[in-house]
Amino acid sequence: MKRSVEVEILVPFHDVDVVGIVWHGHYAKYFEIARCALLDSFDYNYDRMRASGYLWPLIDMRMRYIKPSLFGQKVRVRATLVEWESCLRIEYLVRDDATGVRLTKGESVQVAVRIGTNEMCPVSPDILFERLGMPKPS
Amino acid sequence: MKRSVEVEILVPFHDVDVVGIVWHGHYAKYFEIARCALLDSFDYNYDRMRASGYLWPLIDMRMRYIKPSLFGQKVRVRATLVEWESCLRIEYLVRDDATGVRLTKGESVQVAVRIGTNEMCPVSPDILFERLGMPKPS
Amino acid sequence: MKRSVEVEILVPFHDVDVVGIVWHGHYAKYFEIARCALLDSFDYNYDRMRASGYLWPLIDMRMRYIKPSLFGQKVRVRATLVEWESCLRIEYLVRDDATGVRLTKGESVQVAVRIGTNEMCPVSPDILFERLGMPKPS
Amino acid sequence: MKRSVEVEILVPFHDVDVVGIVWHGHYAKYFEIARCALLDSFDYNYDRMRASGYLWPLIDMRMRYIKPSLFGQKVRVRATLVEWESCLRIEYLVRDDATGVRLTKGESVQVAVRIGTNEMCPVSPDILFERLGMPKPS
């Protein structure tokens, strides 16, 4: 099973640097927009996470820049859930919407932390498996 | 009585647009850095506001752009409290640190909102006058 | 004649502050997204401006905050061109997409600056009237 | 030889998310502030890069989040140049200023691209070795 969601983003002027390309740090925003759409797709976005008694802070993020994105360019960002048993590992791919040319790749890792105790969960909590409609590994 | 605080900011690369000047929206950040230093000067920064039972959301902000700021430029931002009886009105002046040349001016207005009831206060709450060390107008 | 364009924005997580509402400075981004759509509607966006020999820096911006916007809320931002003979004055209105409730209002003013001489134009250059399909006032 | 520079950052309110901690993407800004100070230390910051005929776009960035940073917290960001022969590889460490506790680690990789031809350089150009005061490897 692979869960993937795509969102479209029109690169805004305020994301572009003096060289005329998207400043590298802004891809964290594009990734998050796609990640939230992915989490929405199984009804476990940030608000739901907190309501379920868990935060899921990022512990790792990586970005690889292949080609620049420009002001006004329409890009597609795909977020794919690739791991969920002990963490949420999500991969990202930003492509030019018209040509499909790959622009940026990335990955993020989140782990469940129980609200109150602040305790990190070595295995994802039951609620995630329920949302994903999958049995918890025994 | 006039309360003024100044902070120094070194313009970072990620605040500069394709023309090589600070993108106009980023001055809201510079204003806030100076505003927080001003609020700290009378021990009533955002955390203290909330602890005192009030939020102080902005209801108005204005910016006038005189000259551009550039990457690597050191600027000074002065925040001055000009009104406090019914709101917090703060004026801002951004100047080049070396020459004193004025770059941007602005103003923000905040009002007290009681946490819980969400009720807006027509007169600033007692705690503000205490912090400012001033009698409440009768 | 009045020119208006509307865009939809889904409030992203990274625009929301500790109180759970859009941080006031981020509306400058929402305004710009609507402004660029408006400029696109008469084919005179930032790239075209520069190609025509002019920059149009902002000299004034104002924002009035009526109600907060929340993470995940869909908002509509309308940009309306209200003045163009000596400057580009644009008004903004951010509303909740579902109910139409007004959240934030604002205004920006830009003036033409000739690239090269850096000279500010007291009257908008011919190219703007051409793009707008309107005669230049005599 | 190892080149390291440290900068201090006071976490601003607008960098903090709804949970009260610095939003993960903002560390790209903190890294850049430290990176620019490091590049300044051998007089080869972004402006100098361009003047020398090269851009140095990031091709890779990684962040590992250890502990959260909070509004008003003073943090120190150290940038260390760890590789320069074929790329600029820089490591980052964000620590609490008072206790030295490690908060976030990271790394970025930049490669030289010749302005005009847009050609990527497999070996760093002479100008970098000059700036670093080191012989070019033969």
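In this document, chain identifiers A, B, C and D correspond to the written order of the chains, with residue numbering beginning at 1 in each.
Heads up, the rule we're going with is that a contact is a pair of C-beta atoms (placed from the backbone, for glycine too) under 8 Å apart; a residue touches a chain by one contact, two chains touch by 3 or more.
Keep in mind the model is a prediction, meaning the values are calculated, not measured.
Asks: Can you name the chains that touch chain C as well as chain D?
Replies: Of all the chains present, those in contact with both chain C and chain D are A, B.
Asks: Sort the other chains by how far their Cα centres are from that of chain A and give me the top one.
Replies: It is B.
Asks: If you tally contacting C-beta pairs, which pair wins, A-B or A-D?
Replies: Between the chain pairs A-B and A-D, A-D carries more contacts.
Asks: Taking the mean of the CA coordinates per chain, how far is chain A from chain D in Å?
Replies: Roughly 24 Å, centre to centre.
Asks: On a C-alpha centroid basis, what's the spacing between chain B and chain D, in Å?
Replies: Computed value for the inter-centroid distance: 30 Å.
Asks: List the centre-to-centre spacing of chain A and chain B in whole Å, with centres computed as mean CA coordinates.
Replies: Chain centres of chain A and chain B, defined by C-alpha means, are spaced 34 Å apart.
Asks: What positions in chain D touch 2 or more of the other chains?
Replies: 13-14, 18-19, 25, 28-29, 32, 46, 71, in rising order.
Asks: Looking at the complex, which residues from chain B come into contact with chain C?
Replies: The touching residues are 18-19, 21, 24-26, 28-29, 32, 46, 55, 57-65, 68.
Asks: So in the complex, which bits of chain A are touching chain C?
Replies: Per the stated touch rule, the residues are 10, 12-14, 28-29, 32-33, 36, 45-47, 71-72.
Asks: In the complex, go through chain D and note every residue touching chain C.
Replies: Residues 13-14, 16-20, 23, 25, 71 of chain D touch chain C in their complex.
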